[in-house]
Amino acid sequence: MTLHIVSQNNPFVLKNCLAVAGPNDALVFINDGVYALATHAALVKRPLTYALAHDITTRGLTLNHLIEPLSYSQFVALSCQYNPVQSWY
Amino acid sequence: MTLHIVSQNNPFVLKNCLAVAGPNDALVFINDGVYALATHAALVKRPLTYALAHDITTRGLTLNHLIEPLSYSQFVALSCQYNPVQSWY
Amino acid sequence: MLFTLVIHAAPHSLLGSTAYNAYQFAQCLLQEGHRIHRLFFYGEGVHNLNAQAITPQGEFDLPAAWQALIEQYQLDSVVCIAAALRRGVLDDNEQKRHQTPQRALANNLLTGSELSGLGQLIDATAHSDRTITFA
Amino acid sequence: MLFTLVIHAAPHSLLGSTAYNAYQFAQCLLQEGHRIHRLFFYGEGVHNLNAQAITPQGEFDLPAAWQALIEQYQLDSVVCIAAALRRGVLDDNEQKRHQTPQRALANNLLTGSELSGLGQLIDATAHSDRTITFA
Amino acid sequence: METQTHIAQYDLLFIFSHSPYGSSLGREGLEAALAAGAFDQNMAIIFMGEGLWQLKSQQDTVDAQRKNHQKMTSALPMFGIDALYAQASGLDERQLDLSDFYLAAKPVSDETIGELIRQAKQVLSF
Amino acid sequence: METQTHIAQYDLLFIFSHSPYGSSLGREGLEAALAAGAFDQNMAIIFMGEGLWQLKSQQDTVDAQRKNHQKMTSALPMFGIDALYAQASGLDERQLDLSDFYLAAKPVSDETIGELIRQAKQVLSF
């Protein structure tokens, strides 16, 4: 299963990612990608959806309890668990 | 009246520009902004909407006859005629 | 009419190649008899005047083209000093100031432009008929 | 597990500051006992190893941090030669090759990395368990 | 329809439409605005679209080792820059309200933003 | 629902999702793909979203003094790279069809793209 990394909040980027991500693929939002989570309610309810904790706190955002805040250590673990890794930007 | 320059094809960028542009403001699409004209039928019908000819031909696009292809000389003339100039990117 | 152009885009950016648009706009307005009060290179735009950038043969050499235009029309061309330092574009002063025995540095600002502060940008907007941002 | 990281973002980009994410990801995976087959700096990412970049005091110096990480773990760090030349990041060879009496150039590639071709990227994907792009 | 007579006229208008940490634009826009404040310009800043995130409170950059924009932006009033506008439609889209901000900004409609731009002598876009 | 048994497996999959001239990504992706072709990789390229513009015919870069991507992309088959896929939904959104392209690409659904990625050993994203 694929690990999708989303590093921007751009409607085109998000659209492409969501169009091809399967139900068992995991999504990790990093950098400005975390803003997408703050503004898309549907995303927050998707299983296997994560956000990098550092990038959330940097931007002063509050995590919805449904979203798993990810340490770098957990991000590394996910990238071992899934294959391949596709970056959307 | 304002001259709005749009240099990207990004939904956020286009939305901001169209939200604040008044009916007598002019819009110039340059660089990747010209792709927005190729995909938004409503934009093409807006009066005072222009696209930089160089950037259209570079990308292999065909101009709708409603859109004025702009030479750099005409782009300079517009930027003299309008004031201020706001760039959206 | 008197223009100031603010250039944020580098010749090779992840986002925006409007550095080419800025150059062609500048060239055209000067040919038409308008004047440029100041070119202000900010952010990634500082790379437009990076003397170390080697353009492959057969490609348009944007830094060289800027330098030639600046010289031909004796333009006031300012590169933001804070933005330039962060990105490794140094003039003679800054090269000497930051050089250490462990760290050899070069003056890699193309001639004809100078590093200066943001005051030059604010001043330029106040003294120009038009300020146009390319990014 | 064996990783290759491809870094497209510069420390100061118009788009994307994932250069910081890439560094922290690399640091973490090494601390966890995983290994890096290769770091490949491409596109604007070449500026991560620009020795001329002067980071203001009190700010995190990303190029210095990359250099220290590369040295500490003896990482294979490749900077795409074509991307680097266009953007003015030169090693000793390229500095000598392109220097002219009219054009003084510096070797401004941080030590510990080398300029090489895209074959190094393709080879790295074939020999790593994971390839991750940061842009 | 809003009357245009109450629209302030600025010599220099900054439009901030990019987020604070995802690119260098947020920071470089702030530095330019602070410089303009130091030069006593008749100026204003409009935060719109993704630029509204610049004003979000509780930015904590310690873990990410980044320079904190919130601290820089907080300096705006000290430089005499107090005409700060926030795009109302952009606030709604991001489920933000003024209580999320660490600096006071005046919410304005898109029409008012359009008119503020038309009335301005010069615009700098970040 | 598509059967997964017919999905090709590639060692190296390129995803091109950026336009050709607006940034350096289009060009640098092409150069990487050509290098992979020269190394005889079992590879494919998927053009999707804004990346579909890379295949648009009649790119004329003379006036703009830019390097022509169409010429570079046309070299892909000469490097043995003939597995080229185009996102069907992206074509529709851009009112493009295959006759607008100067190179043959196979239209594929978003589901198939998802499966091509899952089956790939490595992905490079440009």
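Order as written gives the chain letters A, B, C, D, E and F; numbering starts at 1 within each chain.
As a working rule, a residue touches a chain if its C-beta (ideal position, glycine included) is under 8 Å from a C-beta of that chain, and two chains touch if they have at least 3 such contacts.
The structure displayed is predicted, hence computed values, not measured ones.
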item: Set of chains whose contacts include both chain E and chain D; value: A, C
item: Third chains touching both chain C and chain A; value: B, D, E, F
item: Chain of greatest Cα-centre distance to chain E; value: F
item: Remotest chain, chain D as reference, centres from CA atoms; value: B
item: Numbering shared by both copies at the chain D-chain C contact, with half separating same from different; value: same
item: Approximate Å spacing (C-alpha centroids) for the pair chain C, chain F; value: 34
item: Chain A and chain B, separation of their C-alpha mean positions in angstrom; value: 34
item: Separation of mean Cα positions, chain D and chain C [Å, integer]; value: 25
item: Residue list for chain F, restricted to those that touch at least two other chains; value: 21-25, 50, 64, 66, 121-123, 125
item: Shared-contact residues (touching 2 or more other chains) in chain C; value: 8, 12-17, 24, 43-44, 82-83, 130-131, 133, 135
item: Set of chain B residues in contact with two or more other chains; value: 8, 12, 31-32, 54-55, 83-85, 87, 89
item: Every chain pair in contact, whichever chains are involved; value: A-B, A-D, A-E, A-F, B-C, B-E, B-F, C-D, C-E, C-F, D-E, D-F
item: Complex contacts: residues of chain B adjacent to chain F; value: 8-9, 31-32, 35, 38-39, 53-55, 57-61
item: Touching residues (chain side chain C, partner chain B) in the complex; value: 1, 3, 15-18, 21, 24-25, 27-29, 32, 34, 129-135
item: Contacting residues of chain D [partner chain E, same complex]; value: 12-17, 20, 24, 59-60
item: Chain C partner contacts - residues on chain E that touch it in the complex; value: 11-12, 23-25, 28, 31-32, 35-36, 38-39, 41, 121-125
item: List of chain B residues in touch with chain E within their complex; value: 1-2, 12-13, 15-16, 19-22, 25, 83-89
